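The two complexes that follow have subunit A in common; it is paired with subunit B in the first and with subunit C in the second.
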Partner chain A sequence: MNALRNFMDKIKPYFEKGGKLEKLHSVYDGFETFLFVPTTTSPKYGSHIHDPVDTKRTMSTVIVALLPALLFGMYNVGYQHYLATGQDVNFWTEFLFGFLAVLPYILVSYIVGLGIEFIGAQIRGEEIQEGFLVTGFLIPLIIPINTPLWMVAIATAFAVIFAKEVFGGTGMNIFNVALVARAFLFFAYPTHMSGDAVWVRTGTALGFGGGSVLDAFSGATPLGQIATASTSIPNITDTFGHSLGFWEGFIGLIPGSVGETSKIAILLGAVILLMTSVASWKTMLSVFLGGAFMGIVFNFFGPDTAAAHFPWYNHLVFGGFAFGAVFMATDPVTSARTEKGKWIYGFLIGCMAIIIRVLNPGYSEGMMLAILLMNIFAPLIDYFVVDSNVKKRLKRAATSTIK
Partner chain B sequence: MNKLISDKTKQVLLGPLSKNNPIMVQVLGICSALAVTAKLEPALVMGISVTVIVAFSNVIISLIRNTIPNRIRIIVQLVVVAALVTIVSEILKAFAYDVSVQLSVYVGLIITNCILMGRLEAFAMSNKPWESFLDGLGNGFGYALILIIVSFFRELLGSGTLLGYTIIPSSFYESGYMNNGLMLMPPMALILVACIIWIHRAKNKELQEK
Partner chain C sequence: MSPLIKTTKGLDIQIDGKAEKIVGETILSDIIALVPHHFHGINPKVMVKAGDYVKAGTPVFHDKTFENMNFVSPVSGKVLAVNRGEKRKLLNIIIQREKETQYENFSVQSLEKLTPEEIKSALMNAGIWPYVKQRPYDVIANPNKTPKAIFISSFDTAPLAPDYNFILKGQFQDFQTGIDVLAKLTPGKVHLGVKANVPSNEFLKVKNVEITEYEGPHPVGNVGIQINHLDPINKGDVVWTINVQDVLYIGRFFNKGITDFKKIIALTGPEVIQPQYYKTLPGTSIEPFISGNVQKGIPLRYISGNVLSGIKVEIDDFLDPYASQISVIDEGTEHQEFLGWAMPRINKFSASHLFPTRLIQKKFFKKILGKIQFQYDARLLGGRRAIIMSNEYDKVLPMDILPEFLFKAMITGNIDKMELLGGYEIAPEDVALCEYVCTSKLPLQLIVREALDVMKKELE
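Showing the complex of A and B:
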């Protein structure tokens, strides 16, 4: 990572004010997002605190943290493809297939999103905001690999305009923009966002790969199987009927949205986010606590369905729970900002996600809706935390004056 | 009255279409605008029904405005509106049964449409019958106009049809196009109304709030 940072620092002056390529600053912006490299630091002079953490730096840290999930996701897309078509190929072929399958989504997401940001900035006469860096990266990671590209383009445009620009741009949005894009896809084109046929790419990727699908293949995700289970025994299998346990979910060679499957990759991302203090460990931990709590409650007291009997620790490793907890719930813009509020906010996200999963078979994955719902309540939670603190201090002041 | 439509009455009739639109500017009647606009046909019928009811209730209230005791005026207005709503509802059931089934409770709920009470209180109670009639027509048309615009986009993008006729060619579907299911849900109607308001305010800068 150091070499990359040094390189970026070296070419940075050309694009800064007074540099040779100053006019191309916005182009530099655009290109660095395509190249997924860490971006710039803030100027060395001008503020009292010489810590170079600015929005852009924060965003690029998140991108770096997302890289393991992306790379593993690419590999998994290829792995699932060759597994489904019954071909025995080496690691690099699998990765190349996944790379070619995922790349168009990243390009479409960035071109559409940055295009709108660019036009918006031009209209308002402002600089391009860097907020789309992470959003554009998240969108390809949270959608099924078979989503048509034009749908992704429309969803991205919708999310950027109606979830971000109308609220005033980066830092002002109420909802997590990437999740709004996913919610748009989910409600507008449900047949492409759920079911058994969308999670494994069985066709070609830019003309690469392909082949006939084996008879024994079934592309349902573990959570999809749970939601549609006919018995009340939570029995989950991979695409060829082998049963899955906690560790398979943790390693993540299972069908699912591109970035959500591997908990190892997400854990790596979480470590990066926590070490750089970009994300709050309180939010992250409390989401898992909430999920575990609700999972245990359903395990013991829930209705007699497969989803309620699904062991609580499995709830945490299957589906998008971990991905949402690490990368979505901790979004500093849309989450609660008070320290106590983060605990409440995260805990309720975890609870809501499991409640939706278990009690609503229509939505086999509740994380998206849980986070969007709690996004609305984050300011309210903050308000009450601040308010209770004010009251506590007033009370203390009153008692001390009596003495 | 030397000419049928003076400048003032023209303003009364045409103002609600744009600068004083009940939905775009006064933001009234949103509930039904979200509920009945999934298809163009019910939206059209709803627009016509509201126009008829608001125009004639305006006239009736305007005729008896000087005899209504002030303290019970709301009840009197409601009785008039309820009578007209019932008539319209029965006519729809008799002559356009399919549409009345689609509109379901929303015909009956015209009685609670804020546009009606708003016009009765703000205009009919203090103006002559002819102006009140024009005002009712104008506001009804203004309401219908937005309903038609919203339902046009919702039906076209959500179902690929207009008034039940398929518009989007099947070759589109074959090449991967899909109807947008979100368009059929009320949240999208709200966003479309917001877009219309956005465009309208962008063109009429004097309407923009500070």
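Showing the complex of A and C:
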């Protein structure tokens, strides 16, 4: 480690004011603080000791929590590919295909996003913030596997610049950045983001795999089938017409966005986030409660459509509901920040997601829009919670006797 | 039985170096300094010049706002220097201490006959007034106001804080007199916060006060937390607070007619070889306390006060008048921690669940690993960020306040919101734990201090 430390010290002057590489100062700083804990000490006034927790630790924990979903997603991409092309291959071949298919998205998202972050940090003269490490990891997990890479690049750039940097960087944004990237894709390139052809990679992954698709194959997601159902009886099937139930949705070997399909993997992530208290259990639980509540309401009192008749518990395991509840709704920056507010915020996300699914024929999945919508309302929810504290204080002042 | 208030929010930081219950010899440096900036918010006017002879109790400077508010020498001797900095700002006044202290004699009438105004002017004249502080704003009390109550906390829950039951042994008579004096200054009550479940707690025998017992983790010993639970401060209210040992100054003054600022402080911290108590006086140099009694070979940080809300001092600086302890910790600049954010960091004490702090304190792991000595140094252990995590501050602030929103109002300088969200009730020391646990490493105590100054300026 000493050699590395010496090397960092040696090249440091180049990046400081007046150095040749002055314009890359924040990049150097980013790497230095990544490698070695900064020796900045507490100021003269204030706490002289500090908790070892920092944003690097927090953000990397979220990434660890996302790993099961990513790994399963990779496997599922390969599994769906070889299922569709009718080839019988072993686990590792399936995983390799998925790995090669997903890897470019991760690279594109990180290179574009972090590039912009580095520039932004340099312009503002700040340290590089770790928020994008999570955002950049989320983006590949919430898009269909056939999305062209250049679209991902544009969407990432748009989201980072217009949903984050213009507000002042991590911690200042109003909308969940990864969801803004997805919403951008959704509205800018709708044909690539929905329909039957986008969810299963039938072509090759970096030249690997490939083959001709079997005749019986249909790549529609369960929620897509529900939205376009001709009858009012919800009947969902996998890509070869076998009917799907709750447990198939829970295990997740079905078409869908890369990271959203397996509820087992998401549950593992949820356990990590909750054990470490990085995410709020209140938000997470209340999203599911809201979704279940609205699902039940539609089951009993809804219109006579397949979406309304779709059992409430299936709503929770199909589509991006669980992924959104665990990883997106709990984003502390864009979520409600008061404890009471989190209950309301989460519950309304769950309700809205199901309302959009059932009542809006244009959107088969409502989670993204529900979370973005509630991102707008989160400050309002907090306002009322804070206001009740203020009112209590004013009331107390009015009844106080001794002046 | 006195009422009991239990709090659950807060954090007891486990740090080594608690003072052993031994009072060492009296430690006094040959030169004693009066440092105006130790008294927050005053505007000093010097009353002596180099060469003057002063007694203990002789005014050395006074405040320009309240001209009768004297700041007096704690020792007798010759004024060596009046040091000024840029723009003639008064830095300090240095006094060469005599071996035998000569006290200024104050003729004190018996307490019954004195009116509150007479008591106040006597205390201001004798230089004891600056030890009486007020909320809102956590500054020296404005003598022209009448407080709705006076609050004293008889225990300190801060890391390695001294035990006042031990310090006050044999001095409860002076303490009682001090309380009796304070009781005459408010139409309301004098509240004494007492730690629950302490065997033979002498503070429970104090009379003429309203005793409330408290139980819970730090910061329940902070007077601000106690005020918030008993009689919260509203707009227009004034509450006075005073440290336990400073009550003794008032008691001695009325019992003996002299200003005797003797106090006992605790020398604490993981880098102190023999942590214990010492008798001393405010304004004495830090150096004699620590010479030969601290670890060598690493850069050290000396703190006048506790590790959470004290002031960093250099070895030749002077003990600030409000401090009851000196803490010594590792400065930490010598550590090169490779990928520290990714390491288990078993020997770091974290309030979060991101480190195994809680786990290793379970019985099972204690057996395997033995007792872990948590390591502390003055590094921030991270970079400063915008506020990202929510509900961090709430967990360590047992007040009916939404800290994050108050801090945001303070950062943005929104005075209306500061008023509404609890700005009148808070003091920097109350948010020290918020600063400790903050993932974004924000200097919250400084933010609160500066915001309170702005509030005071704009609202008074």
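Simple rule for what comes next: the second predicted complex is superposed on the first by the 341 of 403 C-alpha atoms of A that agree within 3 Å, B and C clash if a C-alpha of one lies under 4 Å from a C-alpha of the other, contacts with A are read in each partner's own complex, and residues count from 1 in each chain.
One rule holds for everything that comes next: a residue touches a chain if its C-beta (ideal position, glycine included) is under 8 Å from a C-beta of that chain, and two chains touch if they have at least 3 such contacts.
Just so it is clear, the structure is predicted and the values come from calculations on it, not from any experiment.
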| request: May I ask you to decide whether A:Pro148 touches subunit B, subunit C, both, or neither, giving the answer as first, second, both or neither? | output: first
| said: Taking the superposition on A as described, I'd like to know which of subunit B and subunit C A:Met172 touches: first, second, both or neither. | reply: second
| request: Check the residue A:Tyr189 against both partner chains and state whether it touches subunit B (first), subunit C (second), both, or neither. | output: first
| message | According to the stated criteria, A:Thr228 is in contact with first (subunit B), second (subunit C), both, or neither; which is it? | response | neither
| task | Name the contact category of A:Ser218: first (subunit B only), second (subunit C only), both, or neither. | result | neither
| said: For A:Thr237, using the defined touch cut-off, is the partner it touches subunit B, subunit C, both, or neither? Pick first, second, both or neither. | reply: neither
| message | Under the stated touch criterion, name the partner, subunit B or subunit C, that contacts more residues in subunit A. | response | C
| request: Overlap the subunit B and subunit C contact sets on subunit A and report the shared residues. | output: none
| task | Provide the residue numbers of subunit B that touch subunit A in the complex, in ascending order. | result | 176, 178, 180-183, 185, 191
| request: Quick one: which bits of subunit C touch subunit A in the complex? Just the residue numbers, please. | output: 13, 15, 148-149, 187-188, 232, 234-237, 301, 303, 307-312, 327, 329, 331-333, 335-342, 345, 348-355, 376-391, 394, 400-402, 404-405, 420-422, 428, 432, 435-441, 443-446, 449
| message | Quick check on the complex: what are the subunit A residues that touch subunit B? | response | 148, 150-151, 154, 162, 184, 187-192
| query | Can you name the residues of subunit A that touch subunit C in the complex? | reply | 1-2, 4-5, 33-58, 60-61, 127, 129, 131, 168-172, 275-278, 280, 332-333, 335, 337-339, 382, 385-386, 389-390, 392-394, 396-397, 400, 402-403
